[in-house]
Every structure is written in structure tokens, then in C-alpha cells.
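As written, the chains take the letters A, B, C and D, and residue 1 is the first residue of each chain.
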Amino acid sequence: MSEDSINRVKRRDFLKLVGAGSVGVGAGAVVSQVSRNPTELLIPYPVPPEEYMPGVDTWYNTLCQGCSARCGVSVRVREGRVKKIEGNPSHPVSRGGLCARGQAGVHTLYHPDRLTGPMKRLDGKLTQVSWDLVLSHLAHEFRQVLATERGPGVAIVTGSARGHLHQLMQEFLRTLGSSRLITYRIDAQHNLHAANLRSFGARATPYYDIANTPYLLSFGADFLTGWLSPVHYSQAFGDMRQGDGPRGYFVQVEPRMSLAAANADRWLATRPGSEAWLALAICHQLLEDGVYDGPDRNQWVERVADYSPARAVEPTGLGADQIVQLAHDFAAGPGLAIIGGGALHGTNGLLAATAVNLMNYLVGSFDRPGGVLANSPPLFGPEAAYSESPYAGLREIVEAARQGRLEAVILHDVNPLYSAPPELGLREALESVPLVISMSELLDESSEVARFVLPLDSYLEAWGDDSPESGVGFPTASLAQPVARRIHNTKSAGDFLIELAHRLGDDIEEALPWRDFQDFLKARWDEIYRTRAGSLEGFDAFWTATLQAGVWGERSAALGAPNTVMIPAALDDLGHPDPQFSGRRAEYPYTLHPYLSPVFHDGRWAHLPWLQELPDPISGVVYTNWIEIHPQTAELLGVRTRDVVEISSPAGSIKLPVLVYPAIHPDVVAIPMGQGHHRYGRYASGRGANPIEIIASRIDEDSGDLAWAATRVQLKPTGERIDFVTTSGNPRPLGRQILGPADGGHG
Amino acid sequence: MENPHKSLKAKWEENRRPGYYQEYENHWGMVIDLDRCTGCGACVTACQAENNLPIVGEENFREGREMKWLRIERYWEGEYPDVKLRFIPMLCQHCDQAPCETVCPVYATYHNQDGLNIQTYNRCIGTRSCAVYCPYEVRYFNWETHVWDEPLEQQLNPDVTVREKGVMEKCTFCVQRIRKVKDRARDEDNRPLLDGEVQPACVQSCPTEALTFGDFNDPESAVSKKKHNDRAYKVLEDLNTSPSIVYLSRVEPEDESHG
Amino acid sequence: MPRLALFPDSEHLLDAAARLKGRGIEDFTLISPIPLEEFEDRVGVQTSPVKYFSFFGGLLGALAGFALAAGTSVAYPIPVGGRPIVALPPFLLITYEVTILIGVVMTVIGFFFACRFPKLEELAYAPEANVDQFALVIGDDVDEDVDQDLRDAGASEIRSVEDPP
Amino acid sequence: MAEAGKSLAYHARHEKSWVTATAEQDNPPTFAEVNEDVVRSIVETGPGYWWILGVTVVLTFLCFFVPWFYQLEVGLQASGMNHPVVWGTYLANFIFFIGLSHSGTLLSAVLHITNSSWRKAIYRSAEAMTLFSLMTAAMFVMVHVGRVWFVHWSTPYPNQMGLWPNFRSPLMFDVMAITTYLTASWVFIYMGSIPDFAAVRDRTSGWRKKFFTIWAMGWRGTHREWHHLSQAYTFFAVFVIPLAVSVHSIVSWDFAMSIVPGLHQTIFAPYFVCGAIYSGTAGIVTLMWVLRRAFKNFDRYILPIHFDNLGKLLLVLSLIWTYINICEIFTGWYSGSSGEMEMLKFRMFGFYAPLYWEMIAFCAFLPLLLISKKIRRNLTAMLWISIAINIGMLTERFIIVATSLPRQYLPDAWGFYFPSTVEFLITFGSFGIFLTLFLLFVKFVPSISIYEVKETLPEPRPKGEN
């Protein structure tokens, strides 16, 4: 499967690419020149790149930054202006497809509220200053830090830095003597990585071959919108459904029907956090049925001895027969089990994930088409994702700040004051830090505590690269190039760090000798070229070819050889499957189930108008968010859709309008993340509320990762109403043969 | 002059020929596989990006004045816990017997040589009758002249008109892309179009490849083949509009066999 | 010298008209405030060309209507809704409307033509004959003794006028 | 035709049958008095008239033209229309005024042919009503379309895009039908007035004399002219009756030719025609009441018997109207199709249910009172009933649009419509247009047909005979 994943280049798209315009490599050559605002000029290039021709499209291949999947995209540029982003058909991750977020990416470049230049906080107010002033000022401060040996007190928190940008940051910190580089995003799949590390002893996320699986059992993994690599796995889903092989059957287990569940053949509403129990019970049943007879069988038998389906009935809320049936179907498949979403972010997330690995292992779904395929580790990029939990890093920062051990924090393309639970106390911590630099594309919540707000390039203006974390079964690396000239006085993080290093001078400058980030990238890719792709004649040929294709893949290379036998110790000392929650049931009767909005994901692109105007796939609501409650809960509280309720948890409270949701477990209330920005451009500010604000800062003790699905809440009707807008008229088809001749019956 | 016993379809076939142009070169159509469609909405945004659809703002949504040439309709079936949610992308069906075309007093909407249901903005006087006559409700009216916040207008697609107030608009199957490909084919010494060479924005972006676009006149095209799938049906077929969009209904496996 | 005789009501007027006719005098003109319904019974048959105008107007309209609808569609063949280029049912409606339009217009023209409207030259007229009197006008070619008949018929007054009848 | 006409006048003067109601009074007006009364209505203008005219014009400007210009500026977002309800109040009003216009045709044509001579006193103003409500309806077309500055493209001429209009479109049927109808009713009212123009010409002086001389075309009232007139008039009647029927059928087809549940009704043509005549007749009743009040001595020509007869007519029409409504509901229900059912549910029990039942009350039940002669002869009662009926009919037009379009085939696309302030204002203002035109009319055209009234009166007897 992974083989043809790259062979399945859509020829038609390829024709489009070469036909409708030339494939360009050159926009980067001139992005450095900042003159008049190019939006005023007909032809915004003093020196146009060679492939530039008025009236003719130029296609640049680069990388989407909408989520951590990093799809390869082809950007249509005309007269130097970005017109449209489409999936890069020759990229193994996106394979020509692209999600709504990726489409909307154009507006990260043209957003009306983007920062137009660096800003410094002068007596409380942010005021525009020049880059030169910023750099000299920062150089001065850092020199003082270094002079007083307080280098370790410098930290960088990044939301998106991957690939060599991440390495550059490490380099930079290392020269300062610090190792505090944290990649924080609420949607990080740390528990999954950790579980895989535990299970296989290798830093590699396996490739889940959804496309060819006859039976897919998903524990809360909404792989269609928010899990690992949405576009790639959406495509796989399509092939599973109507590919060449027989149609795969798909069961989704989760307390609230997500988009994936809506597309599943069967949706099982379990108690929140009981996925670990269910997985273990299924393993128990599988072993009982003698599905697995490997040498290590007995070790497993004893490890799951306590988790018989019968005992799983109470915690999961499913019938024993249902669980047994699931086990049978899973064995018969043989099935593929995946886990994500709330199931992965409970207090028992690591255990659940490991148990799911075990399920796959027991039915022999390893290294088999339609199963869990071995994957090579990323060619480069953050290894932290596997070892250390991002949230743990954040907590460490807070701790250090409390003890006054922090000198400077650089927030790069991250908005922790929005995306981390306030209970963590990050705001206070950052306020106590002498120097906080926020690098972002527009003013956000976090820039409120920053002394310097530095405008970042849009990803369409910057260089970058990445090696897909989730992987596609073989080593690949993609290059991101600027596709349009800068329209504001912005910088890319890489260029900024290098320039800063140069200002700092002496040994730091020596450690980062490169002219700019592009220079640095070339140097790094030169290594890849020498070690791996010697076949091509000359690095420049390699570089150009990669830029044009947007991706370099080593298909010939033997797959990385991770240990695809489960380590029996994987399950040890993982605590008990019973989920822990903040808030006593008596006081807080409902479990809060925050989920990544199918549209906004974690909300980093909530400022894009096209996304605000994209009706939520399930509710059809635009421009706000809501709280989903079960009809009988609504009856209990005496509220109807659009009535505002106050949602209080031990960590805080927010107000949201109710959406009576027919497909959610009665014990659960669900809130989509991504909205509720206080300050994030004209389109996102003041819309809905942010569920993260009431999430308790509770962690999965085993992995240290944030357990954002482990908070209980209570609901109080406020009597107010918020007339949110849904594009759905009547939610029922009324037997009108709309969904097909067959729907007349139950429609 | 017309044989009354001849079926409407037959009459249509007759009249598919003459126009300003000599003959219908293509019969563009789409096949939408609901078993692949996940309702994610990528196509909706792709359409908005390609066709200069305005950013209308929340108030217009509340008024029911959104501009989405392509929308995802969602329908709930059953009750908890056996509740189902179904999606169906709804866009202009480019009917062969389009009610919207007959009602337009000024020929602003008609059938062009590609077999497309075309909306000619500069002819439209805004009677909105076509929107009333369209049973699929996929025609959208410009209640105002929309503006883009600077510098969002930099993104506007130069191949697509920006519509003014008082004009009706709708899905065009990305006619600008069809033109572009046809021109290219002509330049390359009139080679025939390749199947799948033309792709509307929605089809192009669809992550699950639920949408297929092609020429129904070409029996070898992917759409022509899929049309014969036994899941194939057309929405509101009994209204006899003979749409150019074929849906493949979603498979509902018997749950007995599975947990 | 043309003469104008006034009568108190249509009875006497028509009586007088009948007498003149008996004498073989044809070219007299009756002026009355209301239509003389019994003219045909008492004096003689009247004919009017208006009906021909109406008929041929209608006919012309029918042709013009269909020509307009069908002609323009054929000249600019634009396929809409899979309907025939020349679609009879709708075009018959157009035909129908234009028939009436031109029919009506031609009828007016016919009426004006028949009455020789607009009348520019001065003609014998007595304003009271448009209120409650009834008048009969004869030209100067009619000899004097006719006046006696008019008086016998009940003419309340006979005056001579300059203008021709 | 002339035959029938003759016998009528004959009766009128000799047998004094019921049709000569005007003459039945104790002292019927003499020929001379008729002239006086009518001419007075033209030449004598009290301050009351100027006040009313002034207020009307101002209100019309403020309520119709100002909001309209605003709408032209900002686009149709000024209205309450949306997707899927892209037709709204404007179209409803358009249809209402077209309906109102059927009054004149009815009285001048139908009753002319059927020899109901009681029409004679009132048909002139009825025809005026036809003309002016048609004009008002035409205004609503302008208000309705999105780009009125291009509306001329829908007229049959090869426009700058080298295109003729699409004659296959129901809207083009409308254009043709309404143009014809406007022309015909204008001609109709003018022809019928020529003898009266002459009459007024003879009794006025100054600019009026010039004005009426021109319009009278030199009419003398010779026996030949009278003959030609009656001929022409008869042919008009013959032309106009089918025209009136076709006009409102065609208007109904704007709806019926669509495939929207609630609009796609076979019965719509007769339904609309009947409804049109219904509201038209009611309109006349109101009008007669007003004229009778407005002008000195008009109560000698507009008599209770006229109200009585129209009352009977209204009763019959209301029954037909009710019957068709029942048919509509029954066929919808009997089809059993979800589309029809949901639409009916929404119409009868949805948000607009009150309006629906108000319509039923005013148009189906209230007119049943007309069964009693007492009420038919009670002018005040007639006034209020007639007004109620027209309110009901206006509501009906609105309901047809506002309850069908929001409930179409795709439930997900269901919507809702409520008129905006601008729409309310323009609706109100449109009556101002109508009223303004009418106020001008009564000063330039004899609003009662002098010669036809005379026909129903006894001729002056020569002195000494009585």
C-alpha cells in the first residue's frame, strides 16, 4: 500500500500542473526585497522570477501549515499574487487532495489584520518600531543574559516549528546554553507516540493502512478531520469504502458522534474515558478465543486477566455480548484498531493507546496490508514528540518562571494563553518573565503579555521543510518555498534567529554562520543529498528538482525496520484503566468532551474568514461555537437549542448556547475547540467561548500529557439566548428520496 | 412540427444541437459517491476560493443570504443510540431540462455548447424566477454588491467575474477551467480532451475522491462508467429535470453481520 | 343656406327624419345627446366599416404575434430547458395577446376613420343638441318646403346655419 | 348586439323596468342636470380635494419613492427576501393590483354585453381603476427586479447584446399580456368618453375648453358617429373579455409553471381569474361609495340598487373562490406527497396561519352576509365588507408566495421570510400612487358617463305634452 501511495499520482492533476502554467522555483529569489506594498502594484516584482509571465499561472509547490500533517500543496500564483492552493498530486501525504483548512490558507497571507511590522511595548502600549531597533535591543538584552551566565533561562515555545526550523531553534538555544525548546499544541498526539515507543521500542509512528483494512475499529480517532494526517487518511477512507478491494466495515467507539463516527457504519456510544477498558476487554476476549497463539501468549493472558468483558460492562456502558461481538468481528476482519481524540487524552490515554496496539498485535495486524505497517522514523525533525510530553515542558516552564529561573521566552507561532488551560497559571508565569517575545502573524491572546511582538511571515512567504511525522511508509522530506513576495514588513522565524545570532556576535555567530534560513536549509539538505540521494548529479539539480516536485521521497529505500513485535513490558506499570476526572460527579454531573472542531481544528486558523463561513459539517453552524447536549439532558435542564447555559468546572466557567444533539452519550456534553478567541483578528474575535478555559490542568500520570478529556462540569441555564446561525433548515429527510432511492423507508 | 408522442428526452436530444454554435461538444457531468463523501466541506471552501464567492458575514447568514454555490446538506435519521447522520453535497445539477432556463425572460441562463447550464451575469435583470423554479435551490442572488476587506481582494481569481448587486449566480462547473483546458487542447493541434483533464475546484480538492467529473458523451469516461453503478440515482428525478449530476447512494450494510 | 331644426325628443326627430326619407332626401344629419336606438326601425339601415378593421386587425395580429415569437427564436436559436426552439404552446399565447393588441388598435383606427376624426373643419352644430335637444341638419340643396314637414314633425325651432351638415 | 342595445334603451324610455333604477327615483335628474352635475365634478374643485391630493402625493413620495431609491442604492438586501424565498411582498402586490384591475373590464365589457344597464353610472370610474391599478402593478415589476436599469431587455426588441427576449418564458407572457391589457383599457376608457368630452367641451371655457376640444376630436353626436361608436365599443368588449381572462391566467402561470409545491397548481388560472374579479368587484363597491360621497348629486346616479347587484355578484364569486380553495387543499392532501403536505401544514398551522385564517374569514365567510338584501342595500356594511374582501385578497397573494417558497423539496434548504420595513412602506405607498392617479382622473375625465346615464332617463317631454 505505502508503495502505491506515491505511485497513485493523479495524472490528470499532473497535466493540469504542467499545462496550466509553469512550475516555479523562483519566487524565493526576490522575496527579500521589501519595497512598496506590492498589493498596490500591477506587477509586484522589481525583478520577476524567470517563470513569471503576466496572464499566465505559475504553480509553486510548497507545504501546508494548517496542521501537523504537512500536506504538500501546489499554489497557483498569477501576477505575483496567490490565487489558490491545491493539493500537490505528487506529494505522498496529500496526493492531490486538500482539506478546507488547506484551501483557506491563502488568507494567512492576505488577512486584513496581519501585523505589518515589529512592535515594542512602550509604557503598556504596543508601538511600531523598526526591525533594526528590535534586533539591537534584543541583542543587548541577550548579551546581558549571557554575561550573567543565565543562558539556560531562555526558552522557546513553538507551535509549528518542525523540520530544520526546529533544529535551528535547538542550535540557537544550545549556543545560549539552554535546552528549553517546547513544541506545544493541544492536538499533539503525544500519548500515541509514547505508546508506540513503549510497544515497539522505536521512535516511529506506524502507518495505519486504513485503505485496505476489511474492518476498522476506531476509538475516538476522528481521522477524517483531526487525527495525524486528515487528508491522507480521508483518502484512505475513500479507498476503504469504494476502492478496488471489498468494502471495509467501520466501527467508531466514542461518547460523542464525531465526523468520523457519522461516516462509520456503526457508532457505539461508550462512557467517556472507558476506551482503555473496552480495548483491554477485547484483548481479553481475543486471547480467550485463542485468536493469538504466539510464544508470548501467556504473558499477555496474565496481563489482561482482570479485564474480562463482563467486568467491562459497568465502566463502558456496553453489553458484554456487544463487547464479545466486537472482539469476534475484530478477529474475523482481521481488523485494524486506531485511537485518538478524547480516548487518547484521558488520564488513561497512554494505557488505552497501548492496549489498542495490543489489539492489533493479537489479531496479527502488524506488517500486513490493511493493518499496522512499519514506518521509518522521520528523516529529520523533532524527536521530542516521542520522548517528552509537550505539556510537561509547558509545566516545567511555569515552574521555572515561578522560581524566577526564566530570563526570556520566545513564543513562536503559538498561542498558549489560548490553547493551554488557564489553571496551569501560564499567564502569571509569563508576566513574571523579564523578556517575552511573541512571534505571530497577528495579535493574539499571548501577545498581550509580550514586550516584543514580532510579525511572522505567512507560510506562503517563508522557507521551510518537514518530514511527515505520521509518515507514509517510507522516508520522505518536503520543502516549503516562498510563493509570493512579502506584503508586510515581516520576517520568518529562521531568518530572525540567524540575524539575532549575528548581532550577538562571536561564538554564537560562529555557531550559526549561515546567511539566512534558506542558506541554512540548503546546508542541511546538502547532507541529505550526500547521504541519501547521491544518484542525482549535483546538489543544485537535486535542490531544484525537489523544489519543483515539492517533495523528495526515497521509495527505493528499504522501509525503516522498527521492532514490530510488541514488547510485553509495554503494558506494565500503566496504572488502572478506570478514568480519573476533575470534579466530583455529585457536584459536576456531566463529563466535558472537548473536541477539535472539524473546521478550525485547534483554532490556530480561526481568523480565516473562509473557515468562519464554512458551515460546521455536523451542525451547519457558522461564526460561533456551542455546547452539545443530549435531548434528555436538555429536557432535564429545561433548555432548548440556542438557550445559553453556564458551564462550570472546578477550573472555571464559560457561557455557551445549547445545541441539542441527538448523537451524544447522556452523561457527556461536548464543546468544539477553535472558537472563543478574545483577540485574533476581526473574523474570530469574540465568537463563542473557548472550552480550554475550563479544562482542569490534569495530566495522564503515565505520560505527563495533558488529559483534556478528564474534566467534569455542571450546567446552569442562564435564561439568555444566543441566536447562532445554522445553514440547516429541516434536519430530517422526510422520506423524500434525497439520499437515494433506498432512503424512502427509514428516511 | 413536434411529434407529441416523442418523449421530452427525445425532444431534448434533438434540441441539444443547434445554437449559436454548431453542436454540443460535450455533456459535462459529475458523479458523487455518497459512500466516499465524508461531508468535510473541503469542496465548499475550494469552490469559494475558485469562484470569487464573497465573504458575506454572519448577519447575511442569519438572513439566509449566504453565497455557497456548493453546499453540504445534512440529514439525521433514527434516534439515539441508533442515530445516523447523512451528508449530500448539493450544487447546480446542470439539468438537461432545466426549469430555470425556460423561465428566464432575457436568456440570462441557457444551455451552452458544453451542455452546461450557463448563467450570463451581464444579461441578468434579477427577476429571480430561475431561483424559484429551481427545485434544488442552488441559485444564489446578489442581495448587495459585496466587498472584500483589503487586501483580501488580492486573492480574487482573474478568470472569474465578480458579480454586482441584483444578479443571479450559481455553480458553473468551473467553466473557466473547462475553457482553459479546451484552449490548451486546441493549441496542442486540436488533440481530444483527456478524461479527467478538466476538474472543477470541488472535484480537485475532495480528499476522499468522492466527486468525479467528466464528459457523459464519452462512453469511456470515468463518469460514464460510474453512471451504470447500481447505486446510481439522481436527486428529485421524478421532477423530470434530468440532472447532469449522478449520485451513488451510500451503502448501508446489514448490522446483523457485525457487532 | 343649410338649416338646423331642433326637436324636443327623439320621437319627433326620428319622425321628421322618416318624412325626409319619404321625400327621397337622404343627406340629412341627426344630432342627439344619446344614441338613437330606433333609427334603423324608423329611418333605415346603417352600415359601419369598423368591423372590417377589427377583423383584419385581429388577423394581422395573429400573424404578427406568431412571427414575432417564432421568428426571433429561429433567428437566435438558444436552447433552453430542453424545449423546442419553436415551442407551440407558449408561442400561441404570445400570438393570442398580440392578436388582441393589434385588433384593439385597428378598431380605434377604424372608428376614427369611419367618423373622419379628428374633425378639423367647422360643421353645423347646436350645443344644446348635446344636452337635451335633438337636432336635424339639412344642406342648402334642400328646398324650403321641406321646412314645413319638419315643423309638422314637431320641430320647436328651425334656424339657418353657415356651416355645412 | 345593436339589437339588444336597442331593446334596452327602448325599455329604458318606455317601460321603466327595474334596470331604469336611476329613473325610478321620485324626481329623476333631467338630461340637463346630468350635464351640470358631471361638469361640476370636473370644474368645481373645493379645498378638500387639494388637501387630499397634496397629502397623497407627499405620502406617496415618502413611502414609495424614497424607500425604493434607498433599495436601488443598497440592493435588494433592503427587502426581507432571502434564499430560498426570493419572491416576496413585491410580487404579491403585483398580483394583487393586476387582480384589482379586473373590475373595470368586468363592468364595461361583461355587463355591457349582458345588458346590465345599472353599470352605466359607474363603469367609467371602474375602467379608470383598471388602468391605474395596472400602472401600479407595473411599478411593482420595477421594484421587484434586481437590476431595474436593465428591465427594458425584457421587451421585444433586439437589445445591445443582439438578443430578443425569450418568448418561452412565462414572464414574457406577462410582459405581452400586461402591455396589451394596458393599451386596451386605455383605449377603452378614452373611446367611451369621447361623447362626454364633447359635452364638457360645450360647457367649459378657457384651457379646459381647448383641452376637451382636442380630446373630443370634433364629436357632434350625429347618428353616424353614434353608430360607429356602438360598433367599435361592442368589438372592444368582445376583445377585452378574453383578454382579461388570459391576463390573470398568465399571471397565475408565473407560479403554476414552476415546480414548487403550493405554486405548481393546475387550478391556479381559474383560481386567479376568479380571485381577480372578486377583488376587482369589491374594489368597485368601495369606489362607488367614495364617489357617491365625494361629488354633489352623485347619489342620484349611484343608487343602492347598484350596491345590491354588486353584492349578489360578490356573493357568487366568494362561493366560487371558496370552492377552488377547497379543491387546492384537497388535491394537495390527496397527492400525499411530502412536499405538498409540509407546505399545507406550514400554510395552515405555521407562522403565517393567522394570516391564512384571516383570509378565509374575510373572503370565504364574511361575504356570506351578502345573502341578506338588507345588508346588500346597507351602504356602510357594503363598504366594510368590500374593504375586508380586498384585505383578504391581498393576504392571499402574500400567503401564496410566503408559505410556498420556504417549504420546497430539500428540507435542509427550508427557510423563512418576513417583509422588511422597506417592503411595508412601499406596499403602503403603492396605494398612494393609485390614489394620486385617480384624483387626477376625476378632474380631467367625466367620472360618470353622461350619455349612458341619459339613456336610462326619461327624455324631456315637449312642452304641453305632460
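FYI, contacts are C-beta pairs under 8 Å (C-beta built on N, C-alpha and C of every residue); 3 or more make two chains touch, one makes a residue touch a chain.
If you're wondering where the values come from, they're calculated on a predicted model, not measured in any experiment.
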- Item | Labels of chains that are neighbours to subunit A and to subunit B | D
- Identify the chain whose mean C-alpha position lies nearest to the mean of all protein C-alpha atoms shown. B
- By mean C-alpha coordinates, which chain is most distant from subunit A? C
- Query: Whole-Å distance, subunit A centre to subunit D centre, using C-alpha means?
  - Reply: 68
- Item | Centre-of-Cα separation between subunit C and subunit B, whole angstrom | 62
- Query: Once you find the CA centre of subunit C and the CA centre of subunit D, what distance in Å lies between them?
  - Reply: 28
- Message: Need the CA-centroid distance for the pair subunit B / subunit D, whole Å please.
- Response: 44
- Send over the residues of subunit D in touch with two or more other chains. 163, 165-166, 168-170, 172, 409-413, 415
- Note on the structure: Multi-chain touching residues of subunit C, meaning two or more other chains, are 78, 80-81, 83
- Message: Could you pull out the residues of subunit A that touch at least 2 other chains?
- Response: 728, 731-733, 738
- Message: Once you draw an edge for every pair of touching chains, what topology comes out, line, ring, star, complete or other?
- Response: other
- Could you run through all the chain pairs that touch each other? A-B, A-D, B-C, B-D, C-D
- Query: Along subunit B, where are the residues that touch subunit D in the complex?
  - Reply: 60, 63-66, 73-75, 90, 99, 102-107, 122-129, 131-133, 135-137, 140-145, 165-168, 236, 239
- Note on the structure: Given the complex, residues on subunit A that touch subunit D span 728-736, 738
- Residue set of subunit B touching subunit C in the complex reads 1-2, 8, 11-12, 14-16, 18-20, 95-102, 104, 107, 109-111, 242
- Query: Which of the residues in subunit D end up touching subunit A in this complex?
  - Reply: 338-339, 342, 409-415
- Touching subunit B in the complex, subunit A uses residues 10-13, 15-16, 19-20, 39, 78-79, 81-87, 96-100, 102-104, 106-107, 110-112, 224-225, 230-231, 234-235, 237-238, 241-242, 247, 249, 251, 257, 259-260, 262-263, 265-269, 322, 325-326, 328-329, 487, 598-599, 609-611, 613-615, 617-618, 620, 622-624, 630-631, 662-664, 682, 723, 725, 727-728, 731-733, 737-743, 746-747
